[in-house]
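Listed next: structures, encoded as structure tokens.
One chain, subunit A, links the two complexes that follow: it is found with subunit B in the first and with subunit C in the second.
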Partner chain A sequence: MTNSFRTSTGGRVNRELPLSFQFDGTPYSGYAGDTLASALLANGKHDIASSIKFGRPRGVFAAGPEDPSGVIQIEEPFPEPMLMASTVELYDGLVASGLPGQGWLADRPDPARYDAVHHHCDLLVVGAGPAGLSAALTGARAGARVVLVDSLSEAGGSLLGSTEVIDGRPALEWVESVTAELDEHPDVLHLQRATAFGCYDDGFALALENRTDHLGGAADPDDTRQRVWRIRAQYLVIATGAHERPVVFNDNDRPGIMLAASARTFLHRFGVLAGGRAVLFTTNDSAYAAAFDLSDAGVTIVAVADSRAQVSERLQDGCVRRGIALHTGHVVSGTDGDRRVESVDIAALTGDNEVGQAERVAADLLLVSGGWNPAVHLFSQARGRLRYDDGIGAFVPAEDLEQGRAVGAAAGHFGLADALRDGASAAAAALGPTATAAVTEHQVDDLVEAPSAVLWSVPGSGETGMAFVDLQRDATTQDVLRAVGAGLRSVEHVKRYTTIGTGLDQGKTSGVVTSGIIADALGVGVAELGVTTYRPPYTPVAFAALAGRNRGQLLDPVRLTPTHVWALTRGAEFENVGQWKRAWYFPREGESMDGAVARECRAAREGVAFMDGSTLGKIDVQGPGAGELLDRIYTNMMSTLKVGRARYGVMCGADGMVVDDGTVIRLADEHFLLTTTTGNAASVLETMEEWLQTEWPELRVHLTSVTEHWATFPVVGPKSREVIAALVPDLDVSNDAFGFMTWRDAEIAGVPVRIVRISFSGELAYEVNVSAWHAMAVWRAIAEAGRPHGITPYGTETMHVLRAEKGFPIIGQDTDATMTPQDLGMSWVVSKKKEDFVGKRSFTRLENQREDRKQLVGLLPQDPSVLLPEGGQVIETADLPEAPVRMLGHVTSSYHSATSGCTFALAVVRGGRDRLGETLYVPMNGTPVPVTVSDTVLYDKEGARRDG
Partner chain B sequence: MTADDVAVDQRVSPLELWRAEFKALPAGVRLRELAFLTQLSLRLVPESPAVAAVSEALGVALPLEPCSSAVAGEVTVLWLGPDEWLVMTPTGDGETERNLRAAVQGHGAVIDVSGQRTTVSVSGPRARDLLAHGCSIDLHPRVNHAGSCVQTHLAKAGVAIWTRDDSGTDFWVVVRTSFADYLARWLVDACVPHRQDPQWQ
Partner chain C sequence: MQLIPCPWCGPREEVEFHYGGQAHVAYPAAPADLSDREWAEYVFFRDNPKGLFAERWVHSTGCRRWFNAIRDTGTHDFRAVYRPNEPKPVIS
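And now, the complex of A and B:
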């Protein structure tokens, strides 16, 4: 049974290019240009999936993304769950299977590439059917920048599934000439296989382009599989067509039941006959084309059931001519069959809205048409208002968008002439006179259609059998009535109660029908009830596509310091500090982290060590108001700092809580340079700018980030003076001449540097600052000058141990947003003289003066080998009491001290400073470990080492 | 060799390790780091009496229009904000800095920020397409002309993009030094799917 339901000629598939694929383990063949759905139907395979709740067999219900039931899983080449067979373009080697409503994710990383492109245009046209092509062509001829996106493999839209004629030629010839002309305009971007899935404010739209799947093994493995186009348009033309709507009746979900126009599309676009013996059930004229075309192609049309009492002579003649039995005033009341529809029950509609006795006819295909819903999804996402049109039983755009318009079938204008005219005039409206001049009139013979009937559900549906409203969610008319019976009135509530419209098809066939059924049940108008909100994405979009290239090494920027490559070659381990990659420690061959850190600490305490501290934020502050600004920003006085000197400072928020700390050096009367913590570089600059611009515009000050201009290298340890002396022979490095918290300009390796006597370790230390260009030259010079003294590079871990041994808090580690300078034991850094500064008023709040506030203290484990866990809770008792346990605070920093040969920690503890010497407990694995509360300084309490 | 020569010889630019990767890109794009441009942050309120002197020192009127620039010989002046310009010059003799400082005197600030950023020249017929992978600004020559300077994001890095011609084929991307490696990686990676694209050759 190979392609036995394929017509001998016709269709848009390439019969020269057969493709092999597997479905549910069976090999099949199709042609290039097929979808998985059309290829399966060509092989007579209708029963392809099963339903999520009831396990009922399900088939292809529609030829496009509105299909609620043909849900499949791609197994090979790469697993991808929950796709619609009707939207998967066939390629050689595809292995897929039908799903029972749920699929499975790959257990390995996706090897494909995904990316994004930003694009701007005057005119974005969504949909390359007659309306869209007409709009795009008019825009292109007017010289506009145009983007035309369409979800199918080729342009044409509804024309691909029909036999229309434009200007006396087959419509597809017109399509070909239009696309050829569009290709010649350099500023027209025409994308097929690209679905616009979201419309947002200000003409912003997203489209997903499928680029390589259809090429199968011939695709360039480097090429992008899917691309998200981020399009910003001056004007949006929504030419998305319409979706045919089903009518609900008993057992309306069997494989072989299909929307009428979809069967026509399978015939004309793919050369596929969806069955051999068909019944048409319709409420409108449009579906007759499907029945007639299928009949002409050799399908036996057993009967047409038209719910309307009367049908035009043209259609009656068409039936007679083809020997089709036409039953007006009839409906389909049910079906039967095993894995596929085998028979259809046709019954008369009686006057009192009931159905009469059914006549059963044998058929393997049931075509259904309940009318058309304009595809208003994007229009509605773009905040366009909808109105209910009684005549067609559908919601249509009620207005133009501020910068856009729905056209053609998407606007409820179903004729071909309307579509062509609509598209051109939308482009003209957007672009003005030049485009108006470019509008072309076309000769089209649209048939005059008789009014449609609006029928949501065949009377009596669901009373005896199951009548499905949402095939994907297995939700029935009874579910809707139960929701209404439970008191729900809003369509949004009924949607959530029944899950109708929440499948991957997002209710494209069920949404309006649901509103209709609710309206009937409540006896209100559909217009009054409305329809559920349309939200992006219009069709499913894989997270991989949205993530694009923001994965792996490009997930987030990795910021590097000037010595990064040097550290890399030295075998450093790195840690992430915000976006920065910082050297964490420098293990020697076979050395553990603890070993390396202990060695690095020893070098800093006993000899000399150096690190790259370039990540510190640095802000240049200049202007007559510079000193005043810093006085207002820091808690301590900065304006009194003398040129040539440095001062530590703390910044608080308006709430009095510490937000950052750092040092300030004064370069000249009106010129300061301050440092911030690594993580707060940007936010401190922003905060200062905000105060400056919004509260203190009278201060003339300029703030400039120089974080990356300056590389910063602390040289630390008792022998650091000798290293600096060797580097800068001209500089008097004696403590008297170059004292603590002063700075000097100097030259190292022929490069200007600024050296600051500053210490974050308690040791004698110098901080060498140099322009980033020369950073490596100076770094190497330091290494070279330090070699006789065994200078040791150290990383952030050692930096933390050294500072913690001295009780120097790290803002953001030992503090959170609830710590005042006083809580940190740093009342000395809060000026009593200054009239005001940010945070000052908050220090007098009662809450900030409570004696039981959490205060920073040291904790010494009574067993000096126990390393407390950071974040560990501090409690009062040796036995763990019944919960809730009163927590006194928590451990903020915890290390081994190589210098003291013990472990130690910093912690915030309620009323901690009054507890010095007390024994408290930190539970570890459920057992409270005794610790002694100490002051924060573990090492060199008298500060004797600072000056060497 | 003088001390200055030694210093110049020892300079390291943020993207020197990317040179080979840049060279291997498809011919449609050319990436080149313009290393060691002297960069000065000029801060001045536009109403300042010093504007005239500054313009004279620069050799060109200080550009006051948002997102604009000015060029005088080898000196490029990029507008970065209402009171902020980036002055770039390949010469490193300090003369521009001295002249500017003298002109600004007391009315603003001149800060050497040469190490703060580096510059990547992105040029070639596909330069605009490459940038479009990560930049939401419309760089089409119809709306974006030579001389425009915009601060925006390219991928996740903050950058200034200076347009140097009217055909959308010549841009300077000025990026913070610490983000340069990320940006280079991103740019090179963005070209991967275009390796076989005939339009990129």
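And now, the complex of A and C:
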């Protein structure tokens, strides 16, 4: 059976280009230009999937993304779950299978490329049907920057599936002339296979372009498979057409049951006959075109059941001429069949919500049309208000958007003349007189249609048997009635109770029908009930497409210090600190982390060690108001700092809680350089700018981030003085000449450096600052000068042990946003002289005076081999009491001290400073471990080591 | 994604901005003279209206400058933006 349901001529497929594919293990062939759905139907394959709850066979219900049932999995070339057969363009070698409502994800990374492009335009037109083309052409002729996106493989929209005539010529000739003219405008971007899937604020829209799938194996593997277009438009023309709406009846889900216009599309666009013997069930005139065209193409139309009592003479004549039995006032009340519809029950509507005795006719195709729902998804996403139109039984735009408009069928204007006029006038409204002048009138042969009947569900549906409202979710009329019976009144609640509209089709065919059925059940109007919210994406979008290039290495920027490569070649292990990669420790061959850290600590305490501390945030502060600004920001006095000196400082928020700490050095009268913790560099700068700009605009100060401009190398340990002396022979490095908390300019390896006597370890230490461009030369010089003393590179872990042994807190690790300087035992850093600074008034709040505030203390495990877990809770008793257990605080830092030969921790503990010497407990694996509360300084309590 | 009109740069995407809370909450002239209650009013208490609200914003990844805005908290519409030294515009 190959393409036995393909017409001999016609359609937009390329019969010169046959394609092979596999479905459910069976090889098939189709043509270039087919979708997977059209190719399967051409081969007479209708039952392609099974339903999620009941396992019922399901087929292709629609020719577009509104299809709720033709859900498939692509297996090769790369697995992709849950796609609609109607939206998958056929390519050679495609291997796919039908799904039972759920698919499977690939177990390997997607090798395809995805990216994003930003674009700006005057006019974004969504949909290249008659309305959209008319809008785009009018805009282009007016010289506007136009973007036209359309989801199909070629322009034309509904015209591709019809036989319309424009200006006396086939409509597709007009389409061709328009696209050719658009091509010539350099400011027009025309994208096919690009689905606008989201509309957001201020004319922002997202479109997903499928670029390579249809090329199959001929696609360049390096080309971008899918591209997200991020389009910012001055004006948005929504020409997205309309979705045909089904009517609900018993067993309305069998393969071979299809929306009428979709069958017409399969015929005209793909040259595919969806069946051999068909019944049409309609409530409106539009569906007759499908029956007539299929009949003319050789399909036997057994009967037309029209729910209306009367139809126009034109349609009656059309039926008579083709020998089609027309049953007015009739409906389809049920179907039968095994893997596909085999017979259709036609019954008369007998007045008050009942149907008469059904007549069963044999058919393999049932066309259904309950009218049309304008595709208002994007309009509604852009916050356009909808109104219910009783005449067509659908929600239509109630207004123009501030920067856009729905046109043509999307606005509920279903005629071709309306569509052409709508599109042009929207562009004219957006662009003004030049566009108005570009509007062209067209001659079309629009048939005046008789009013539609609005019928959601055939009377009696679901009372016996199953009548499906949402085919994908297997949700029936009975489910809706059960939800209403359970007291649910809102469509949003019924949606969540029944799951209607939550499938990947997002209820395109079921949404309004559901509102109608609820309204009927409650005896209220559809208008007051409304419809569920339309949310992006309009059609499914893979996460890979949204991620674009931001995967793997490109997920997040990586910041490297100047010595990164050096540390790599020395076998350093690294840790992530924000976006920074920092050397964590430098293990020697066969050395454990603990061993390496102990060795690095010993070098710093007994000899000399050096590290790359360049990640410290650095802010350059200049201007006549610099000292005053720092006085207001820091808790201590900075304006009295002398040029040539350094000072440690703490900053608080207005609530008095510590937000950061660091050192400040004064370079000149009106020039300071301050450091922040690595993680707070950006936020400290932003906070300082905030105070400066919003509260103290009178201060003349400039703040500049210089974090990356300066490399910072602490040289630490009792031998560090000898190393610096060797590096800078003419610098007097004696303690008298170059004292603690002072800085000197110098030169190392021919590079200007600034050396600061500060210490984050308690040891004699020099911090060498150098322009990052020349950092490696200086780093190498330090390594060379230190070699006779066994200078040892160390990483962040050793830095942490050294600082914790001295009780220096890390802001953000040993503190959260509830710690004051007093809580940290740093009252000494809070100026008593300054009248005010940020946070000062909060220190005297009653809450901040409480004696049981959590305070930073040291904890010494009574078994010196026990390492407490950071984050471990501190409790009062040796036995774990019944919950709730009173927590006194928690462990914030915990390390082995190689120097002291024990473990130790820092912790925040309620009233901790009054508990020095007490025994408290930290539960580990459910067993409280005894610890002694100590002060925060473990090593060198008298501070004798910092001057060497 | 919304556009926010920076008074210096013009309309830019919202991800470039940080929110700074209610505008026109001046730092008290003499914090030491305030009661705990009055100080807490300054530090912790802010209005939270539905409708027009004068707010502070900063163009963090643009010009880094702070400005004030009148925004409708119900619709997110920016009804006016103005520089810190400019008076709050009257909007009905």
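Just so it is clear, the second predicted complex is superposed on the first by the 948 of 948 C-alpha atoms of A that agree within 3 Å, B and C clash if a C-alpha of one lies under 4 Å from a C-alpha of the other, contacts with A are read in each partner's own complex, and residues count from 1 in each chain.
One rule holds for everything that comes next: a contact is a pair of C-beta atoms (placed from the backbone, for glycine too) under 8 Å apart; a residue touches a chain by one contact, two chains touch by 3 or more.
Everything numeric in this text was worked out from a predicted model, so none of it was measured.
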- Regarding the shared-chain residue A:Asp201, is it in contact with subunit B (first), subunit C (second), both, or neither? second
- Have a look at where A:Arg845 lands relative to subunit B and subunit C in the superposition and call it first, second, both or neither. second
- When both complexes are superposed, which of subunit B and subunit C contacts more residues belonging to subunit A? B
- Query: Which partner does A:Ala429 contact after superposing on A: first (subunit B), second (subunit C), both, neither?
  - Reply: neither
- Scan A:Asp836 for contacts with subunit B and subunit C and give back first, second, both or neither. second
- Message: Going by the contact rule set out at the top, does A:Thr694 touch subunit B (first), subunit C (second), both, or neither?
- Response: second
- Looking at the overlay, does A:His709 come into contact with subunit B only (first), subunit C only (second), both, or neither? first
- Query: What is the contact status of A:Ser771 with respect to subunit B (first) and subunit C (second): first, second, both, or neither?
  - Reply: first
- Message: In the overlaid three-chain picture, which partner chain does A:Asp115 touch, first (subunit B) or second (subunit C), both, or neither?
- Response: first
- Message: Under the contact rule defined above, give the subunit A residues that sit at the interface with subunit B and also at the interface with subunit C.
- Response: 232
- Task: Quick one: which bits of subunit C touch subunit A in the complex? Just the residue numbers, please.
- Result: 1-3, 11, 18, 20, 26-28, 31-32, 34, 36, 39-40, 42-44, 56, 58, 60, 64-66, 76, 84-85
- Taking the complex as given, what residues does subunit B use to touch subunit A? 2-4, 6-7, 10-14, 17, 36, 41, 43, 83-84, 108-109, 111-117, 129, 132-138, 140, 142-143, 155-157, 176-183, 185-186, 189-190, 192-193, 195-196
- In the complex, the residues of subunit A that touch subunit C are 200-202, 204, 232, 654-655, 686, 689-690, 693-695, 697, 835-836, 840-842, 845-846
- Query: If you look only at subunit A, which of its residues touch subunit B in the complex?
  - Reply: 113, 115-120, 145, 187, 220, 222-224, 230, 232, 549-550, 553-554, 556-562, 564-565, 580, 615, 620, 622-623, 671, 702, 704-711, 747, 749-751, 771-777
